[in-house]
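The data blocks that follow each hold one structure.
In the two assemblies presented below, chain A is common to both, partnered first by chain B and then by chain C.
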Partner chain A sequence: MTAAGRAGAGSRRATLLVLPAVVPVVVVVGAALTSAVLLSLGLTPLVGRPELSLDAWRATELGTSIRLSLAIAAGATAVATVVGLCLALAVTAGARRSRLLATLSSLTIPVPHLVGAAAMGLLLADAGFLPRLLGIAPADWPALVGGRWWIAVGAEYAWKESAFIALVVAGVLSSRVASYTETAALLGAGRWARFRHVTLPLAAPALGASAAVSFVYTLGSYEVAALLGRPSPEPLPVLAVRLFTSIDLAARPQAAAVAVTTSALGLVAVLVSLRSLRRLAAEQ
Partner chain B sequence: MSAPLLVSRLGSRLGRGALAFWLVLPLVPLLLWAAADRWSAPALLPQAWGTTGLAEARAAGAGAAAVRSAVLGTAVAVLATPLGALAGRALTSGALRAPGLVFAVLLSPLVLPPFAVALGLDVLLLRLRVPAEVGLVLLLTVAAIPYTTVVMRAAYAAHDRHHDEEARLLGASAWRVVRSVHLPLLAPAVAGAAFLAFLVGWSDYVVTLLVGGGRLVTLPLLVGAAASATGNDAQVAVLALSAVLPPVALLVVIGSIGRRARR
Partner chain C sequence: MSGSLQLTGLTRVHAAGAPPALDDLTLAVPAGSCVAVLGPSGSGKSTVLRLTAGLDTPTRGSVHLDGRDLAGVVPERRGMAMVFQRPLLFPHLSVRDNVGFADRVRGLPRRQARERAEHHLELVQLGGFGSRPARALSGGQAQRVALARALAAEPRVLLLDEPFSALDTGLRQEMHELLADLRLRLAPTVLLVTHDPAEADALADTVAVLAAGRLQQLGPMRELYARPRSLAVSRLLGGRTEVPGTVTGGRHRSALGELELPAPAPEGPGVLVVRPEAVTLVAAADADARGTVVQVRRRGLRALVTVEVAGRGTEPAAVAAELSPGEEVAVGAEVGLRIPVTARCVVPPAGLADAREGASAHDRQR
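The block that comes next holds the complex of A and B.
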């Protein structure tokens, strides 16, 4: 067999190996998005004649929901990034207590967001555990659950995602940071200078990537906002699910329009963060 | 010890304490409520301990729901793990055309909100008369493929191909190489990938809600239903804990597999 022939056979074999995973992904993702777009344009109604229309896009209050969803995702991700970085630094610092912190952090990972939401409800409601701990009467406690600022929703995402960000960043830091900081310390760099010029640049790519994953996840996640949020205004996933499960079949195209909007926002967020991560890599 | 060093030691201890508090605090009321019969405000601890929550959770059908969740998680793990392993092997073989594009396609379910995919596909599944259970397993398997692919790709990238060549030279068949060389060496990664895939099926809420139409009651659906009602905090806590403890136990088992493999 010639070298080119062998390469061809290898490439065919590799393609055959990857197809069982690629085919279902392409079919499901492609069919779901196509179907959602067609439904939102009125081309595949469950009852009645297909007719191209933008009614579903005009009927829903998309603007408010988009702003709300972006604000929740941005706020929760910002807190999760700061806490996650602190956790990663504490876990990789090498002290005796960092083992315990690492275990606590990794135990948070398999907790489903839904369970996290139930726990945050028991913690932050006006008769919850935190006001009891602080000795504040239910009447004086601010409405964190179902209140104006979506505090309980943001807190749940920040809590779960900080552990995820810490896991990713600690993985990078534990393998590389020790030798660099030792060298910097030997060269006379102070604590802050070592953090600013050694640790932070090393952690930045993983921190940025995991923060982007958190942001996109939070943007498209339903259950936490549905359980701990207020009835109105609604974030995009809550709006979509309510419209989709309503008995009014005419609301389904509107639900599809919300789903398409959320997917597009997630895609834009990923592309923007990929671009800035690439720029970051080029600068270093 | 100098004063600045003492301050920095104290600061780091306080910081660690605050971080541990942040991680643990949300789980404390969950544990307390699960064993509380009566716990009215403003008492810091329950006034009466007991198993009311457990009894209520069992009456709500927690047992059958947990079995359904376990079956769903297992089905997703059984399907998504080998698919991710095959893809991970192909992606690291160096023989695949456009590996970057293929990897991006396999990761695409991570970018798209699960509710959007479920909502789009639900209409199609209804039209094609696909049973809800089949559609659900298909959707969640696709949602799990990114995780299994990432884990298995990393494992195959670190895998030393010389072991395979030696085994082949000694006369082992291709299948024998997979069984006697790949599986033992990659066992921790396979276990990790399967765990993540299981978690996707076990803890899914919104896809089951949309595709199952409320008729397929898994453990997360019970947690959601209980948590959106009021005055049943003990039941919510028991249901939530029973959704967390099996994966945590699995994680411990998988950690021990990893340690044994490294030895």
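The block that comes next holds the complex of A and C.
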């Protein structure tokens, strides 16, 4: 067998080995997305004749929901990234308390978002635990739950995702950063210069990847926004679920349009972050 | 640029009750000199560097640089740079920006830092490599860049932690020449840690031998080879001949017979140690002792032979001799041994070594 032949056989074998993972993803996601696109374009109506139309895309207030969803995801991810990075730095600092901190922050990870949302509601609502503890009357307590600024929603996502980000970043930092920061210190770099010129660049790929995962998850997540958000305007996933479960069967194509939009936004976010991560990885 | 370093009574105990990793080390590194700390793995030699650099805090003792006590001074303000066994080039920076790192964090504008980096890259013969990514270098090149990066920080003391031990023999030789050249041009103060006597010999003016955290002997390498103060030092420097016996009236009595010593030695039990390269095989008439060749090992053009000398009423003694290039001898041959008087050295037996050596190493420093 020639070298080219061997290489061809090798790549065929690799393709075959990957197939068990790829097939279910393509079948499930591909089929779901295709049917959602067809439904949103009026080509597979539940009643009536199939007819190509953009009515479903025009009927909903997609623009407002997109802006709101992006804002919630960006805000929560930004906070989670900062908090997660700080946690990772504290955990890898080598102090005696760092192990306790690591255990506490990793305890957050197995708690489901739904439970987290309920807890956040009980804590931050105007008759919740926090205002009672502080002795503030419900009327004087800011509307953190169901209020204008989606504070409780952002806080829940930030709390949960920061632990995830901390876990990923701490894994990278603990294995490689100590010797580099010692080298940098001996080259005259103070605490801030070490963080700015060594720790942050070395943590960047892991930080970027985990932030991207957190952003895309928050963008497509339903339960926290539904529980702790205000009724209107609605973020994309809440809007999609409401339209899909509506008694008005004509709202199904609109729900599909919202779902397709959410998936497209998630895909764009993943592609953009993959691209910048590849650039970061190429530098290292 | 170069400063003088003084370590005094430096001690580091990692855990209460555990033996100290470093025990009462006093060592001076004069400005512009190179002092090597030589010792086997676990002897505490890297601890010396970490304590000097401020990466670890001594349990007792002090580090003075140009007369200033560095207690409580953070590593970045000590004016030292260190090259580790691994190059540890920052992977996100180019070669040029790695070398310019110290200047950048010092606040120098990027362009100026890069110009200076190019100059330092030329010093380590890597001019033109500046724009390469740090990970695109071979092991030897990366270690050169690490050296250039440390020099660019203009440290008052350059600390080298086994910097060439991961390189192959040829590259190591090149790095030794490079460092010797840099010493001639820049005269930095260097504190080097190594486990390789040849490296210490090639680079250092003075060598401190460390074993189990204690300073065993301090002096020029030639002196350590010729006059080891203990079995540990002799073994670390490749000494193979150890003949137990007794010293009386300036003579060593053993299986080799009665041998005159070049310098007065303490009376009583003592082990005669001799470098293999000092021993020659001669005709029986001129010999100090006679024996049988029991082992021949090749060392390039030379052969290292072990000659067993049967003692009269004592244990037989084994003497190692390195032959001249081309000289051959067969196993089983009866040979005569010539051990020049100046090459004879008596050290305390293993049991007595600790007490006597500890005291004598201490005396030397006072």
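Keep in mind that, in the parts below, the second predicted complex is superposed on the first by the 263 of 284 C-alpha atoms of A that agree within 3 Å, B and C clash if a C-alpha of one lies under 4 Å from a C-alpha of the other, contacts with A are read in each partner's own complex, and residues count from 1 in each chain.
Note that a residue touches a chain if its C-beta (ideal position, glycine included) is under 8 Å from a C-beta of that chain, and two chains touch if they have at least 3 such contacts.
Bear in mind the structure is a predicted one, so any value in this text is a computation, not a measurement.
Annotation for the three-chain superposition on chain A: chain B and chain C fit side by side. Contact with chain B, but none with chain C, is seen for A:237 once the two complexes are overlaid on the shared chain.
Of the two partners chain B and chain C, more chain A residues are in touch with B. Taking the Cα centre of chain A as vertex, the centres of chain B and chain C in the superposed model span 80°, given to the nearest 10.
Of the two partner chains placed by the overlay, neither chain B nor chain C lies in contact with A:102. Of the two partner chains placed around the shared chain by superposition, chain C is the only one that A:193 touches, whereas chain B remains out of contact. By the document's definition of touching, of the two partners only chain C reaches A:202; chain B does not. Contacts of A:184 after superposition on the shared chain: chain C is touched, whereas chain B is not. Using the contact criterion defined above for the overlaid structures, shared-chain residue A:262 touches chain B, although it does not reach chain C. In the superposed model, A:76 lies in contact with neither chain B nor chain C.
Remark: least CA distance from chain B to chain C after fitting both complexes onto chain A is 8 Å. Residues of chain C touching chain A in their complex: 53, 55, 74-76, 78, 80-82, 84, 86, 88, 90-92, 101-102, 104-106, 133, 135, 149-150, 153, 159.
Residues of chain A that touch chain B in their complex: 7, 10-11, 13-15, 17-18, 20-22, 24-26, 28-29, 31-36, 39, 44, 46, 83, 86-87, 90, 93, 95, 97-98, 100-101, 104-123, 127-133, 135, 137-138, 156, 159, 162-163, 191, 213, 216, 219-223, 226-227, 237, 240-241, 244-245, 252, 255-256, 259-260, 262-263, 266-267, 270. The touching residues of chain A, when paired with chain C in their complex, are 179-180, 182-190, 193, 197-198, 201-202, 204, 283-284. Listing the residues of chain B that touch chain A in their complex gives 8, 12-13, 15-16, 19-20, 22-30, 32-33, 40-44, 82-84, 86-87, 89-91, 93, 95-97, 102, 105-106, 108-124, 138-139, 141-142, 145, 149, 199, 202-203, 205-206, 209-210, 220, 223-224, 226-228, 233, 236-237, 239-240, 243-244, 247-248, 250-251.
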